[in-house]
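Below: one structure in C-alpha cells.
We just call them A, B, C and D in the order they show up, numbering each chain from 1.
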Amino acid sequence: MMMSENRYSDFTLQELMAVAAAAEIKDGEKVIIGTGLPLLGGLLAQRTHAPNMIAIYESGAIDCKPLVTPFSVADPVLVPGAAMQGGLIDGLGIVHAGDVDVGFLGGAQIDKYGNLNTHVIGDYYSPTVRLPGSGGSNDIGAGCKRTVIMMLHQKQRFPEKVDFVTTPGYFDGAGQREKMGFPGDGPSVVVSTLGILRFHVKTKEMYLESYHPGVTIEQIKLNTGWDLKMAADVKETVRPTPEVIRILREELDPTGIFLGKN
Amino acid sequence: MMMSENRYSDFTLQELMAVAAAAEIKDGEKVIIGTGLPLLGGLLAQRTHAPNMIAIYESGAIDCKPLVTPFSVADPVLVPGAAMQGGLIDGLGIVHAGDVDVGFLGGAQIDKYGNLNTHVIGDYYSPTVRLPGSGGSNDIGAGCKRTVIMMLHQKQRFPEKVDFVTTPGYFDGAGQREKMGFPGDGPSVVVSTLGILRFHVKTKEMYLESYHPGVTIEQIKLNTGWDLKMAADVKETVRPTPEVIRILREELDPTGIFLGKN
Amino acid sequence: MKIEKVMSAKEAVSKFIDDGMNIAIGSFFHTIAYNITHEIIRQEKKHLTICAPSFNEHADQLIGAGCVDRIVSSYVWMEVFGSLNCFRRAMEKGVPNKIEMEDYTNFAMAARFLAGSLGIPYMPVHSMKGSDMMKYSSWMGENKVRMMKDPFGSGVEHALVPALKPDVGFVHAQRADEEGNVQMWGILGDAPYSVRACQKVIVSVEEIVSRDVIGRDPNRTVLPGYKVVAVVEDPFGSHPKNCQGYYNADRDFIFKYIQESRTEEGWKKFMDEWVYGVSNRADYLKKYIDTFGMKKFQSLKAKDMSSSSVNYGY
Amino acid sequence: MKIEKVMSAKEAVSKFIDDGMNIAIGSFFHTIAYNITHEIIRQEKKHLTICAPSFNEHADQLIGAGCVDRIVSSYVWMEVFGSLNCFRRAMEKGVPNKIEMEDYTNFAMAARFLAGSLGIPYMPVHSMKGSDMMKYSSWMGENKVRMMKDPFGSGVEHALVPALKPDVGFVHAQRADEEGNVQMWGILGDAPYSVRACQKVIVSVEEIVSRDVIGRDPNRTVLPGYKVVAVVEDPFGSHPKNCQGYYNADRDFIFKYIQESRTEEGWKKFMDEWVYGVSNRADYLKKYIDTFGMKKFQSLKAKDMSSSSVNYGY
C-alpha cells in the first residue's frame, strides 16, 4: 500500500484505521478509549481537529493528557496531568450515567446488527476458545451515546449471529435497544481491516460504506458471514494526508509499538 | 447537687449524663457520635476505659482524635489526625452496612418502645412545631448494633406514642425490628435528665433502671407519659468519681461550652 | 469550542439559575456557597426546589426571601445553635409562603445522589423503613419511596429511593481550574455525588488555579470540569461556614443570624444589611471588616497544617 | 485491645486465608499484591472463589496452581499481551481442574462491591441487559442477576446485581499505618469499594508509615483500619505490575510469563523459578536482581513527580 511521494505519503492499514477512528470524534466530545489503535485514534483526533476532546479511561482517569503513549488502560502515565483520577466506579459510572459521547469497542466476533462477542467461541459451558469476557465493553456498549467498533475483518469474525452476545449492538434489529432503555444509542460505525461499515438508519443492519485502498468489494463480501449490503454510493475510504501520518508516526508512536516499525 | 470534698467531688446533671454515656462504650468499639453531651461522653470514654474506641462522624470523619473539642459534626478540627476523611456516603455507609457498634441519638420525643421523633409536634402537614427532620438519626437507629439515647426527661417528651416516628426504636414492641431486617438491634439505653432507662429483653418496653442522685422515682413517673415500669433492683445512678469529673472539666471542656461554667 | 466559564456569582446565577428549577446546594455544614445563595436572593429567583441531605441557614435565608417552594432534605436546622426561624415560620405558618417538603434521611439523600451520579435508577436501603417518612409524602406521592421485597430471596423488604438528578447544583470548594475541574479536601459532605448528579454545576472557589496544579494531584478532584458551567472565584465565599485550610466557621456570626432572625423584622434587618445591602462577596467582606474589625476577620483564618507531598511518578 | 496487625505475607495468608473462601483480589492491572498471591500458591490453598472486576496473570497463576474452583469477574486476560494460558486451559480443557465462572461486566462488578460496602442489598443497572450474560449462570443460578421492571414507572427493566461481600480481600497499596489505615493514590481501580466490601482485609504496602503521616492527609485513606486484619510491608510487592510513585510495570517480565506459560511445562518451570523456588518477596527481589541486573531493576523505579501540599488547617 505504498504510494509515496515523500516519506509520509504512504500509509499502512493500521495507520488508515487509526485515522478513520480519529475522524469519528468531534471536538469537545467525551471519549472512552482503550489501548492500541483506538488510543492512537483518540490521541490523533486531539492533536488535529478535536483539541478539546476529553479522554476517559475506565480505570477512572478523566481528561488525560499523557506525555507518553499509555500501554494499558491502567498505565500510570495516564495519571499525572489528568483532570481527575478515581477508580472504576468513577470511570464507568459516567458511562453508565450516559455522560460519555463516544466509546471504542472491539471483539472476537461481530454480527449483522453490531452485537459483539468477547466471551466464548463455541459453547459457553464447554468453550472451544474462552475469551476475556466483557470487561467494560458491555457497559460502554450500553452507556455511550455512540460506539466506534474496530475489527479484524475475517469471515469467522463476521458471522450472521455471534456465538455469545457480550456487548449489545442492535440485538435482532430496529427498536430493540429502545425497549432496554439504555442511555446510549448503539454502534455508529465499524472500522474494519477491509472497510468502513455503518448501520442502516431504519433496519439497523450493517452495510458497507467504503472499502480501503487496495481492497475490493468482493473481498469484503467473501470475508463477511452474511449477504452484506452496500451503500448506494459505496466508495474508497478517504486516504490519510501525509501530515496526519507524520503526527501518528513521529509524535504518537515514535517507537512503533502500536503501529509496528515502518 | 453539691456533695463536695474537693473541687471535683461535686457534679452537675450534665456531667453525670456525660459519664453515664461514656460508660455505655466498650473499648475498641466503633462509635458514631454527634456534638454536645454524646461527644463529651465519647471523648471521656476514650480518655478512660476505652482508649481504642473508634470515633466516627456522619460527615465522613473516621477515627478522629481532635486536639480541640468539636462544635459540629462537620467541624474542621475533626479532620487533621483522622484516620480517614470522606463524605456522608462514607460516614453513614458503614453505619448502613452494620459496621458500627454504637450510635448516639436524641430527639424531641421518645415513646415506650424507644421510637424517636425529630420531625413534628402535631400534624405532619400543619405542624404546631416543625423540627429538623431525621438527619442521620434514622440511619443510625436502623444500622448501629445498638443505640444510646440522651433525652430531656419531661412528660411531653415521653409520650406513650410519639407524634411522628422518625427513628425506629422497637416500633410497637418485640419482634418488629426483626421483620424489617435492620442491621442493628435497636436502643440499648436511655440516659435522661432524671434517670437511666433500659428496654425489657422480651417485651422491649422501656423501664427505669436507676434514678439520678436527688431525683425521686415519683418525679420520674410524673414526667413519663405512660405507666413506667421499674427494674426489680431499681437504684440510684452510680455517681461519677472526682477523677472523671476533673477530666471532663479540665481536659475536655475547659471553656465550659458544653457543660456550662461550674 | 473552549467555553469561557470563569464569571462572577451575579453572572452565574443570572445565566444558569431559572425560576422553578430543582437545585442541589452542595456540602454539609461547611463550604456552602453563601456567595451564590445571596446572589439568588438578590436576583429574586422564585419557585425553587432545593435539595440537600442537610440544610443550614443558607436554606433559611432562601426560604425567608421567598425563593423556595419545595424542599427535599433530611435536616433543616442549625445543630447546637437551634432552629432555623424562617424554615419554621414557613412550615408552621406559611410565612412568607407555604412550603412543601419531602423528608428523607441523610443516608437516603446521599444514596439518591449517588444513584443520580451513576445513572442507577434507584437504591434499595434500610433507611426510613417502618418510620413515618414512609407514610407521608408531598408532591412526589408514591414515587417518594417504595417498599419492595428483596428479589434475591432474603425475605427482607427494602425502601427504594429514586435517583436524584437536579437541574443545577452549586457548591463552594477550595480550588478549581478555569475548565471547572474542582478539588476539595477535608470533609466532603454530600460531595462528590451531589454535584456529580446534577445536569449542570456552578462552582465557587477560594482560588482559581492552573490546570497544572490540578493535574499534579488528580486524586483530589471531586468533579470533572465537563459538568461545570460556571467557575466563580470568591475568597471567603462560604463565610460564615468553614473552608478547610482557609478559614474556620464564624460561630458568632451564625449565632447573630439565629438570634436576629427570630422575628420577621429582625430577619429583614439582617438581610438588608448583609445580603440586599451588599452587591457581591467582596463588598460583603469589606462590610464585615468594617463592622467587626480586621482582627476578628484575621482570627477566622486557618492555621497552617500542611499535608505532606506524595509522588505520582511512573 | 490493641491488636498487632503487622506481619509477614506468609503469616497473613496462613492466618486469614482458608480453603474454600471467597476472596476479593483488589486493584485493576496495577498494585496487585503478587506477594500475597504467591504466598497463597506456596501454601497450596484450595477451592478458592476469586472475585474482581478484572483479572490478570495473578489469577492465571492461582488457577495454574490449582487454588481456584470459581471465578467471579468480568475479564480474565492480559490486555495487549494476549490471553492467559492457565485460564484458557482450565476453561477449555479442565486443566489442572475445571473452573466455574460467573461472568459480569466491569461496572456490574464495581456496583456489586459498592453495594457490599454500603450494606445495599443489590444494585439496578443497565449493564448486562439483553446480553447472554443474563442467560447463562453457574453456581449462583437465578441469583447471579435478576431482571426487574422499574417500580417508579419508567417502563424500563433493569438488571439487579446482588451485593458482593467476600470473606477476605487483599490488595497492595502505597502505604498504611500499623493499624491498617490504607492510603492509595493514582488509579484506584476497584478500590476503595472492593476492599471495603470484604469482611476482613489483608493489606500489603510499599511502606508502613506512622499514624501521624496518615492523619496529615486523611482524604487519601481508602480503607479504615478496623477492617484490616494484617498489614504486610513488602516493597515491590506488586511487581510486575506498577505502583504509582514507586515503580512502573515490568512489561518484559509480564511478556516473559505470557510466553513461558503457553505450555504446562513452561508454566511449571516459570513458577518453580519465581514462586515455588523463592520463600518471600525479599528473596524474589534478590533473584530478580541476580537474574536481570541492578540496572534493569533500577529502571523500573518511578521518576519524581511530586504533588504539591495542601493546607488542612482550621
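Points worth noting:
By definition in this document, contacts are C-beta pairs under 8 Å (C-beta built on N, C-alpha and C of every residue); 3 or more make two chains touch, one makes a residue touch a chain.
Quick caveat, the model's predicted, so the values are computed rather than measured.
Listed by label, the chains that touch subunit B and also subunit D are C. Relative to the C-alpha centre of subunit B, the farthest chain centre belongs to A. Chain pair with the larger contact count among A-C and A-D is A-D, by C-beta pairs in contact. Chain geometry summary: the mean Cα position of subunit A and that of subunit C are 40 Å apart.
As a whole-number value, the distance joining the C-alpha centres of subunit A and subunit B reads 58 Å.
Between subunit B and subunit C the centroid-to-centroid distance comes to 28 Å (mean Cα coordinates, whole Å). Residues of subunit D in contact with at least two other chains: 111, 118-120, 125-126, 154, 156, 185-186, 188, 216, 219, 242, 244, 248, 302, 305, 312-314.
Within subunit B, the positions touching two or more other chains are listed as 61, 75-76, 79-80, 85-86, 89, 93, 96, 143, 183.
Chain contacts here follow an irregular pattern that is not a line, a ring, a star or a complete set. Every pair of chains meeting the touch criterion is listed here: A-C, A-D, B-C, B-D, C-D. Of all the residues in subunit C, the ones that touch subunit A in their complex are 1-2, 116-120, 177, 179, 181, 211-212, 214-216, 218-219, 221-227, 312-314.
In the complex of the two chains, the subunit B residues touching subunit D come out as 27-28, 30, 51-52, 54, 61-63, 65, 75-77, 79-86, 89, 93-94, 96-99, 143, 183.
Interface of subunit C with subunit D (complex): residues 111, 118-126, 143, 146, 148, 150-154, 156, 158, 160, 162, 174, 185-186, 188, 213, 216-217, 219-220, 242, 244-246, 248, 302-314.
Against subunit C, the residues of subunit B that register as touching in their complex are 35-36, 58-61, 71-76, 78-80, 85-90, 92-93, 95-96, 119, 124-139, 142-143, 164-168, 171, 176, 180-183. Partner subunit A is touched in their complex by these residues of subunit D: 28-30, 53-54, 73-77, 79-80, 83, 87-88, 91-92, 103-111, 114, 125-133, 136, 154-157, 185-193, 242, 244, 248-249, 251, 302, 305.
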